[in-house]
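Listed next: structures, encoded as structure tokens.
In the two complexes that follow, subunit A is the common piece, with subunit B as its partner first and subunit C second.
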Partner chain A sequence: MPTIRNWYKTIYHKLFHLDDRLLLIIAGSIAGICSGLAAVALRLSLESVLEWLHGFRHYGWAFIIPAIGALLSSLYLEKIAREGAGHGVPEVIYSVSRYGGLLRFRSSYSRLISSFLTIGSGGSAGPEAPVVMSGSAIGSSLAKFLGLNDRQRITLVGCGTAGAIASIFNAPIAGLVFSIEVILGEWKFVNIIPIAIAAVAGAQVSQAIIPEQVIFNHQPFLVGASDILPSLCLAVVTAMISVLFTKVLRQTGKIAKKSSFPLWVRAVVGGCTVGIIGIFMPVVLGEGYHFIQSMISGTFSMSVFFIFVAVFAKIFATAMTLGWGGSGGIFAPCLLIGSLTGIVFHKALFSLFPTIGCASEGAYALLGMTGLISGVMQAPLTGIFLIVEITGGYETILPLIVVSSISSTMSHYIEPASFYFKELIERGQFLRPGTDARILSDLNIRELIETEFIKVSENMVFRKFIEIIKTSGQNFYPVIEDGTGEYKGVIQISAIRKYALDPGMYDMIFLNQIMDTGMMTASLENDLQEVLDMMDINNMDSISVVENDRFIGMILKTRILDLYRRELIMQTSVH
Partner chain B sequence: MELSVFDLSKHLGVAPNTIERWLRQGKLPVSPKGANYRFQTSELEKWASKHNINLKLSNKGIPEKERESVTPLSVAVKNGGVYSDIQANDVNGVLKACLEKISDISDDFKADLFDRLVEREKALSTGIGNGIAIPHPREQLSYLTSPMVSVCFLEHPVDYKALDNQPVSTLFFLLSPTLKMHLHLLSVLSFCLRDHQFTNFLKARPDSVALVEKIETLQKANSI
Partner chain C sequence: MNYKLLHIFRNTPFGRETFLQSLYFCKTINAFPVAYIPKSDKFLMYFPNDAVQVDLDHSYLKAPGTAKSHAEDLFNEMDIKPMFYEPKNFTASSLPDIPTNFDYLCCPRSVSDLSSKIGLGHIGPKVRRIIKHATFPILITSPVFKPWKSISVFFGGSKNALNALKLGVKIAMSSGFSLDIYTLLEKQDEAYYRDLIKHEGLTEPVSQLSKQWHFYKQSDFDTMLYDVPHNSLIVLGAYGHGIIKDFLLGSKMEKVQSTVTNNLLITGPYCSIPLQ
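And then the complex of A and B:
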């Protein structure tokens, strides 16, 4: 053992004393490989269990399979892993912005297991968000293991995310872009290189292990100038579908939360609903990669009407799965809904204009996917690069950009916050680097508080107080009760000027007669945003901080400005 | 409702120049109409809620602070009245004798008021020097409807433990329902008592009408 420990120590120190960037690149590629492995493991196990369960699908009772899966998944998350349901991406974003990317090691496998149960049993959800959660937790744990600081940890969280996405789609650039666009929210030179390397590592892992099962085989599409106009129309359709999908997802979740059923009943109800829909429309079950593949290759055979209904069935099934206790993401459902929409659009287009010379069904399925990803996640770059990488060429890039930009703009207009951010914005936890909210949340009341002050007693005669203010430069004086030391009020020099200039008053008044008792006070638990709002509304330049009736200190606007500026400089500086 | 650049600058609490710069930088929702910019209230409200900006367009500007009307000293003295030739030997005796004379306070409150005055004298004498004292309670007297200053002249000066150790012969009983009025009357009174003419005038022991008149002229001259 001692030799191993020494060996570990040497390596650790060697690593640690490396250049910061080199260290991040090495650690990032490890994170990328690990999260790539996690993604591959989830994919392989999902495929085998879906295949195994396929044998039972024709039985009448098969509709309860998703219910069992959702039940086990919610019980696992609730009782064993003790983590909240949902897809996990907002948690990762929040952790990155608030806690320097600190995530529990447990998260690196708990979501994999729960989403395996949900999706494997047929629940309509995507494995990407769980993999993202897992990848970022791996990155975070790796950073903890190496004893890195917050900034480096955030980079590794980004690396884990990128590796996971890159691995599951075999699309390294999409992984890089998703990680930066959605998770980190800032394009920084120091982040991009490690994350890019992690993404490539993740993609290589999946190629090495399951080369034949890469989700989307590269295939060329012939897309010409005649497709521009149809893709404009498709973009409008996908924007509508995106908004509908987001709204239905959120509403169903709200209804489920309002119902008084225990968690496991909810999961069973949601699972059964999905199972029943799945009897008539197997396309809604699971993550649906097979269907997407067949749609892209043009071998998908369903009637137009049936596909049209399937779009809404899938939206509803996903909402029932995720809103009612299942675990998984929305990425794969987005892709499936997008490709279904694209195919419906294509078919409708051909029935209206049979002579139109536009691209194949598969190409429109891809355009639909871009539209949905851009619309729901409002991450246009992720949408574009994912599809570019899937098609393996730049022939489609023009219609892709058209669809992506129009879809994301339109849905942004209707629903300003994307699905990932909406929750965070509502909770006031959307704190992108360099924004006002972020700086205010980073600055702590304790950092701002001015604690050096002279306290005065409420029974002090004014003359004595005049002697004190002659020699001290303080502008505010907390007044406390004799004996108990309780906070009574505050005297501001500006407010008592007229008495201070009148010597006849010196012996006539006591401090409790001139102190200000009606002033609002803050407590240490308040965050800076609340304190600033208080000061704004009441037009105050300073506010006392009182905790348990004890005066703790004063917060001055000038001090806030000073620290705010320094914080802004620190947060936006290039490392 | 439409707002001009100036209106908006008032609502947001920034200079009109700032609003103009924001307009130039394209940060405010506005549709230019001719040379002047007009802001739509509904658009502004939407913009403010989206950007987490505290904007209150409903009430016009910042409400001016309500100015509580203060009673002039002359009126308070008229309320309180002037009493002379009071006989007493020590502080407590003076207070007791004077309180008995003051007719505007109901007898039910006199015992309590006496205790409070004594307590105040114990904390620090209200004898401000030059033979003058301003006895008053530290707490406000909520049962009074309006503030009153009762002036009492003693027959013989009494050792009041005043700050300059001189015996006191003139007392201003300052009784007020609110702290604000109390402080106001106290500061006006202390201003008057710094006036030598006024203190000399007091030595002549004027009656209520003459005293009120004198105070009124002082108030007018100094606009207090």
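And then the complex of A and C:
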């Protein structure tokens, strides 16, 4: 055994420790393949169950099918997997920004099962967020298994995400961009190569297993200069729809949380609502890839009025599914709502200007999808590259950039936080690398504390104190109780000048008479942001740290600045 | 030093017993107990290389209205200033993060297995994972409040056992209670173990604090367990072997905890105990 262990250690060191890029490339490929397999498994199982249930949809009682799925999904998540409902992407972002990408292993399969139950039964949600969660957890678990550090683990989380998205859409660049733009939030050289390889590996897995079942077939579109102005108008429309979608999703979720019903009851209510809408408008059911494909290829046959209504019906159905206890993501609903919006816009354009020579309905469906993704996720690059890969060329790149940039900018102006980030921002936990909040959260309050301080007794006579300050450079002196060592207050040199200049007082006063007992103190429980807030509010340059009535040390602003700079340099360095 | 122990409070008679035990532990070694009254049935602990979700059974959420006052009463009964932990960070809205920078954690024998919540029971997978990843010692209390009056260290010579010995020495120094060391002679003789602690610079504190060093033949494991005083705090290391050895032979610590009713203080593989 020891010999094998020594061999392993030697090989591991020789291969990976000298340059961890090789390790990350190999581990990233494995993460990409595994997450790709997870994504393919979910897709195939969803297709099978949706096809099987399609035969029952014409029955009157079919509206309860999504309710049963949502019920099972909520019970599974709450009672078996013991995880919260929802899509899970904020959880991944939170883990990456605060805990070096540590995720529970159970997350690698729990969301796949719950979203299969929700979406498979007809719930209005997408499978992308669950596969992102699953891929991230696979990457994180692999990093744990290999004993990698935080930075390497974060890269593997990104690899898992990229592999999953690349696999589900057969779009490796979109996977890479989504992973970096939304999940990691930083474009670092060391991350890009492993994530790109993981994305390619994920896409290859999908192509190898289901080569004939690419979600969206590559379709070239003829887009010309005459489409620029309509694209601008479409961008404004998609921005409005994006903001509406985000607000409805959040408000519906809040209403559900306020209700006193248990989660499973809420899930049933949400499922029934979606089921009833689905009877009149089947386009809202499931992930909707089939409808999106028919819209892109121009074979979608619905009247403009119904398509217009379907936009809002899909928004409402998605909000009822995800807000009321179902499981799934918003990526596919964004694509569907976006394509419906694009088609409505195209039809309206042609009815107003019948002679206008602009691109086909399918092209506008794609532009609408870009607008929605860019608006809701505020991830413009993801929107652009996803559609570029779907169309298989760069013919539409100019209007895509126009729609994407305007939609994301307008949405950001109206709703500053994207759907994925909103929850984290509200909790004060949106900590992107290199930002002030992230640096402060990464600094440990214990390493900021200066402990080399002379403490003085509360019963010390002032003359003795004068002797101490003659030989010490301290500006603050913590005062403690004799015997117990309890912290009583602090003496600030600038505050006792009047006594120091009057030698007649030296033998007349004791330190407990002149110490400041009201000065604010911090404790080891406070995080650095709280400490800084206390110092700012009270205009202090230093603050005493007191724990269990014992003086621990002091935090000085100069020390914070030193460590802040060190951390900033570390976080923003190229490697 | 400001050592802190985190106790997950359970507002039941069984929870009262374990809390009293934590309070007694803290009072004896001059540490500060911090009670966490859960508001949801699960929480997450992020260790350096793992995220452990602890699923609590519903007894932890019983009578939330009286939980705090009951805990305060117990604090007051032991003449300790009440301190409560309120989570600041949440991974999800119903999933708080509990920090892992405490010096000790009181962990019931199982936090998620209803069948074994009273009595000795077996260590659940969550407790096992907490011990395996914690950088601090874990206190597993006796099922009923039982003040301990001595310290017994199980020393088998491994790295974990050395940590346990250091911890036992620290606890003996801070509590003033006597220390006994118990060693099962598995492959080596007595001199080997004495050399081991000499090499670690522990000879002097051990000779000052230790009442007796008991050596047993390998087959006398059960005799050794019986010889440990019933009112002694047992300090021992856990999960020091590899996965395969643990799987094939089982964990010695788990055998100890399912056999004796003493309070156990366990040091896991990532636990580091400085003597100062």
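Following the convention adopted for this analysis, the second predicted complex is superposed on the first by the 557 of 575 C-alpha atoms of A that agree within 3 Å, B and C clash if a C-alpha of one lies under 4 Å from a C-alpha of the other, contacts with A are read in each partner's own complex, and residues count from 1 in each chain.
Please note the rule applied: a residue touches a chain if its C-beta (ideal position, glycine included) is under 8 Å from a C-beta of that chain, and two chains touch if they have at least 3 such contacts.
No experiment lies behind these values; they were computed from the predicted model shown.
In the superposition on chain A, contact of A:Lys557 is made with neither subunit B nor subunit C. Within the superposed three-chain model, A:Gln513 lies in touch with subunit B and out of touch with subunit C [touch as defined at top]. By the touch criterion defined above, A:Met505 lies against subunit B but remains apart from subunit C after alignment on the C-alpha atoms of chain A.
With both structures placed on the common chain, the touch criterion links A:Ala437 to subunit B but leaves subunit C unconnected. Of the two partner chains placed by the overlay, only subunit C lies in contact with A:Arg82; subunit B stays clear of it. In the superposition on chain A, contact of A:Asp536 is made with subunit B only, not with subunit C.
In the superposition on chain A, A:Asn459 makes contact with subunit B only, while subunit C stays out of contact range. In the three-chain superposition model, subunit A touches subunit B and subunit C at no common residue. Taken together, the subunit A residues at the contact with subunit C in this complex read 82-84, 86, 90-91, 94-95, 98-99, 102-104, 106, 144, 147, 257, 423, 427, 429, 524, 527, 547-548, 550, 552.
The touching residues of subunit C, when paired with subunit A in their complex, are 2, 32, 41-42, 44, 46, 49-51, 53, 55, 81, 83, 88-95. Note for the complex: subunit A touches subunit B at residues 416, 436-437, 459, 461, 498-499, 502, 504-505, 507-510, 512-514, 533, 536-537, 539. Per the touch definition, subunit B reaches subunit A in the complex via residues 50, 52, 54, 62, 123-124, 126, 128, 134, 138, 163, 179, 182-183, 186-187, 189-191, 193-194.
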